[in-house]
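Quick heads-up: structures coming right below.
Look for chain A in each of the two complexes below; its partner is chain B in the first and chain C in the second.
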Partner chain A sequence: MMTDNGDITTASVIAPPRSEVGVIGWLRTNLFSTWYDTTMTVISLVVVVWLMWFGLTWAFGDAEWRVIGTLGGQFIIGQFNTESACPGQNCFWRPQVGLLLATIVLGMAWGVAGGGTAKKVALAVAVVAAVMSLIPYSFERMGMDVRILLVANIPAVFLGLAITRYTPWREVKHVAIVGVASFLLTLFLLRGVEGLPGMHPVSVIHWGGLMLNVLLAVAGIVLSLPIGIGLALGRRSQLPVVKLLCVAFIEIFRGVPLITLLFMSQVLVPLAFPENFPQNSLFRAAVVITLFSSAYMAENIRGGLQALHPGQAEAARALGLSGWQITFLISLPQAIRNVIPAIVGQFIALFKDTSLVYIIGMLDVVEIGRAFIQGNPEYLPSARELFIFLAIVFWIFTYGMSYVSRRVEDHLRVGTR
Partner chain B sequence: MTASDETATTEEMIVCRDVHKWFGSFHALKGVSTTITRGEVVVVFGPSGSGKSTFIRTINRLEEHQRGDIIVDGIELSNDVRNIEAIRSEVGMVFQSFNLFPHLTVLDNIMLAPLKVRKWPKDQAEEVAMSLLERVGIPEQAVKFPGELSGGQQQRVAIARALAMQPKIMLFDEPTSALDPEMIKEVLDAMRELAESGMTMIVVTHEMGFAREVSNRMIMFDEGVIVEEGTPHDIFNNPQQERTKLFLSQII
Partner chain C sequence: MAQMTGLLTYQGIPVWRHAQIIQWATQIVSGFLAVVLVLWFFLNIGGAIQDRNIPYGFSFLDREYQTPIGHHFLPYESSDSFLYAIGVAATNTVVVSIIGVILATALGIAIGVGRLSGNWIVSKLALAYVEFFRNVPLLVQLFFWFYIFLALPPVRDGFVFFESLHVNNAGVSVPWPVPPDVGMGLVWLALALAGVIAGIIVHRFLLRRETMTGKTSYPVIYGTLTTVGIGLVTWIALMATAGESPFVISYPEQQGTFFRIEGGFTAPAGLLALLIGLVMYTASFIAEIVRAGITSVGKGQTEAARALGLSNLGLLRHVTFPQALRVIIPPLISQFLNLTKNSSLAGAIGYSDLTNVAKTMTQTAPPVSIFILIMLSYLAMSLAYSLAGNLYNRYVRITGA
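Moving on, here comes the complex of A and B:
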């Protein structure tokens, strides 16, 4: 309206200058715009190429990867299937059924989400599991049954998908119910039952490997979020006693190193439960890791709550909503959405921290490798390969979490502010 | 011109008697007394910091008054939570900064209180919400999020959201002050239509055109007291107080 039409047509007809578009334009503006840009580009390029050359020639030439194959299945389940843990029986199928249950849940998540990231994650997990059956040398005592159960992860995903397609179980809450049930069933399977063939009880000190890290991380992630929300709300409470208790909890658990807490857990957690309450080192470690993470989670969520405009709660009050309704319908959904990066950062930290259970004598995936090298000095030169392998394993998991969180953020960003 | 004939039924909707409010040691309201009858449209104006926003916020207890009585539709505002909730569900409020819930769609914003406070079934709430969106002229925005709307559209959604609770009184706290000039009219038009429907309204605003054409009464606030009140005709053409004259000369 302000400009006359002639100007608009002319402006839209003139093509942008060549330097602004295409590959050449991009390179010029981003890599070679000034002489120091050019210098930095060239130096970086040399460094990257040199590092890649060095890395690849080492990885495919000099590196001795045999240690990975030798440890094989121990990375995944630790000492679970050894003769001392499960004498005279093959107990490998029990963690494997746990994995199958997990892929069924992922398949359901895929069905509920209708594809997207959930689909990618579900398929990736199933395919990786299935491909493991093709590895020729790994997994001591790995028979045909083990391979079949691994391949079965692919139909398991589609079974989960089919459940959401052909039964009424197709909502988020159903995935949550099946997920929790699967987790508990997995714990039961791993624990075993006295006197049942194939279900020889396996003490938790023999649970290990990646399985241990994942079990602790899943329990910690699922429980620390609601506990953290409760603590954050408690810390903002008008009731002085509730507030004091929450502040004390948060500051104590945040102020003590996790290693110290893990040591203390062996002595202190038993005091918090009835004498005949069934507990073990794994349970105690899970409690401590969860509470430790909850304290950080509480502060993340409190940060999100502080950032909310006071007008939000005011508008809700003016509409006649009650305090609880305002918290759960207005404040928390916005607060949590605003701090998803911090929450996922805490999840990632928690996953990595599960390695610290080595301090109370549990053999997580890192400790399995370290203890093996220590016990077999002839493998000492392979420590480099071993730890690089472990770093990659952790990175795959943490990158997966960060990828999912970014997609969730993108999804929730629809029309914000 | 519209609601004047309805004021004949002089039913008292809001009675304020000697209302005092302190923020810490700051005396924000220094004994405000006035009565607003059913169907009346009252414009509250005055310099910033004069207590006009605080005054309308005491009516639905967003601010607590420490002395005096406020009686809304026969219910006295006290510390009784049930009274406060009863009054809040009868008094709708529209804010300067809209305060829509950004994580809910326009439709969900409007349906939230009817569903959760009034416990209406979903289809009834949706029906009412859609008819209100049509009333404020933006039914096509129902499934969008507030962040995707212009300021004027957001404020009209806020009006629809307040109306969804079927209030007897509507409070407007500077509803057009945060809007770009070209969007003020669409919001004022919605308010005008509401006034014509017989709604009891208290509007804090500097829109003197709206005050002149729509309101039945104007109240001038300064330093926590009512300086002057009267019909728009009297206030504009024959203000009695020096402060009123001075303020009007500054804003018109």
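Moving on, here comes the complex of A and C:
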């Protein structure tokens, strides 16, 4: 109004006071708005500075990081390449090739997604793997070939990328096929076969380290989502028998701690099979972890389905879609998109839960460290360093997962209001 | 005959596309498969039990357990029965979960509110806490705390503060009130309960008066005073009549050639590590729930409360929290359940919770029976929490319009 009259020009509008904008303004509103706020700021600052000072002087002064170097590559592959697991041979290349296959799949994912988060993840994994070749490992019988295999992760990513660029394999389903095939091939490589050179069979009890956590988590993540979807649909089914079965399954698995289930799987399940039946404790653990995670997944997805407006299904029915089409083309995609944070939260929980396999005697990355401390009491004072290291390792993985989930969420939110 | 012809010349929807037939078939097939699978599993186990001479049944429950339990809140001797030992172990789990739930809720609320603080440093600190503690496996955290306790000096050279607080690698010992006999203990328990109930009644009465009349009544202060007052009055009365203190405070002291700590209350390292780990881990999840609950309360509510002149604390306590509770309670209950179930990791750090004791029991008792018992125990705990949560949820729900 006033500018219309020409009485007050834009230039004569008084600028906000210096104390309300810029750095000072930010400090005033965010740190020193009231006496109470100022007190909190001062206390928090003291805490932060003390924590940082204490943490840094400890980490670079008193801390004994020797235990990390002593265990070295055992954190990654456990006892896989020891003399008892793989006598007289170098078996280290087998997990390495598994990693190469994984980076190829990540490269393909990058190609299919066309950059973005997939690109960052693929490159980060490859670079970290390549950099690891520079770390002096304490692996017995680790030759040059292993370092080459580690560095080869970088070309492997670009190989995956090239596959999507220059061959017809450039769709999501192709990545899925190659991914599943690579996973099975990796399992085969790790297990080995009798008679082939360099493929000495390695019993699953020697699989360990971070490799074991990742294998269990990947298998669990890939399988628990479809099983969870099935259970969620079953729980919402109008068929009383199906509903009852699904509710019973979900509630039993959710009501009992995973550790109890794992232990039960080791004591009870073998009894259900003939005595000479080939038993595999790792397989049983993987099944239990997957089923346990599926029960939680089912509840997350059920939440998403319940939050969906019934008008969606009604509209789809009015358009003449069949029951299956409504479920898989209308309801599920929207329900899953709405509960992505909860689903990824469950994936993260599953990854953290893989550390529980210690109860069946598997040496995962945590148990490898703990067993070492337990067996070598002279390292007892280094336990702090060990578990801080393990915490950081897990944190990188889980935080990475939640980061990717946030990006996927943002990506899928496009087009919704 | 006519029916037969009707069936033969059936021209309706084909059988494989007939909705009702498909539904019935699905139900029958899935039900049948489930029954067969479960029967196969248990019959095989039953067969294996007979073939391999594995003990079974529940007659072992009356037998003496004959194994020590590392730490127990209930009195326990090795000559006690299996049934009682399971009860002792279950009590350990219940006590840990109740203390853990209370502490984790308090810490979680503090951090959740801190996340929303207008103070930049406070909110970032709370964010760092949440992002770190919920992304690291509980097992790693438990081991961390446990090995910190193990790295402390042994009992002989342990730290002693004020000649009463002992800190060493066996745990922490504190002075503890001990009633002279069981009867007096029960009297004190009843009095404590009566005091708390009286305090709550006073608090509610004053709060209602404050809400109704607007007269400042300090419900929290008077409620607390009532509880403390009842305790104090009875203590003085008992002192005067009996001529001696109704309970003695037992101080922990190093005794014997092995410098064992006698007296007081000793929380073993495993229990402390378990509680610290569980509380810090669960608090990070509770903080996120609290934050989501508070942000779900409309901004208009906050603005209206501020316009009415409520202080920051009053705003949180009288306006935001009561409304946020409705969103918070259901996921909070599931966190309580998670804490209870996660307490089964106690075995990893040598604390004798239900799962750990059950694991030891399978060496001398039928594993199948043990598993059935502990599964039922955990399911009962889950149900108890769900029930309490649902009741409370009903209490805070919006009633009427």
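In the analysis below, the second predicted complex is superposed on the first by the 378 of 417 C-alpha atoms of A that agree within 3 Å, B and C clash if a C-alpha of one lies under 4 Å from a C-alpha of the other, contacts with A are read in each partner's own complex, and residues count from 1 in each chain.
As a convention for this text, a residue touches a chain if its C-beta (ideal position, glycine included) is under 8 Å from a C-beta of that chain, and two chains touch if they have at least 3 such contacts.
Being a predicted model, the structure only gives us computed values, none of them experimental.
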Chain A as common anchor, with chain B and chain C clashing or fitting: fit
First, second, both or neither for A:314, with chain B first and chain C second: first
Contacts of A:267 with chain B and chain C, given as first, second, both or neither: second
Which of chain B and chain C A:259 touches, first, second, both or neither: second
Vertex chain A, arms to chain B and chain C (CA centres, degrees, nearest 10): 90
Greater residue coverage of chain A in the superposed arrangement, chain B or chain C: C
Lowest inter-chain C-alpha distance for chain C and chain B in the superposed arrangement, angstrom: 8
Doubly contacted residues of chain A, that is, touched by chain B and again by chain C: none
Residues on chain A engaged by chain B in the complex (per definition of touch): 309, 311-312, 314-322, 325, 329-330, 333-334, 337, 414-417
List of chain C residues in touch with chain A within their complex: 23, 26-28, 30-31, 34, 40-42, 44-45, 48-49, 52, 54, 117-122, 125, 131-132, 135-141, 143-144, 147-148, 150-151, 312, 341-342, 344-345, 347-348, 355, 358-359, 362, 367-368, 371, 374-375, 378-379, 382
Chain B - residues contacting chain A, complex: 60, 62, 85, 88-89, 91-93, 95, 97, 99-103, 112-113, 116-117, 144-148, 158, 161-162, 165
Complex interface listing, chain A residues touching chain C: 29-31, 33, 36-37, 40-41, 44-45, 47-48, 238-242, 245, 252, 254-260, 263-264, 267-268, 271-273, 275, 348, 352-353, 355-356, 358-359, 366, 370, 373, 380-381, 383-384, 387-388, 390-391, 394-395, 398-399, 402
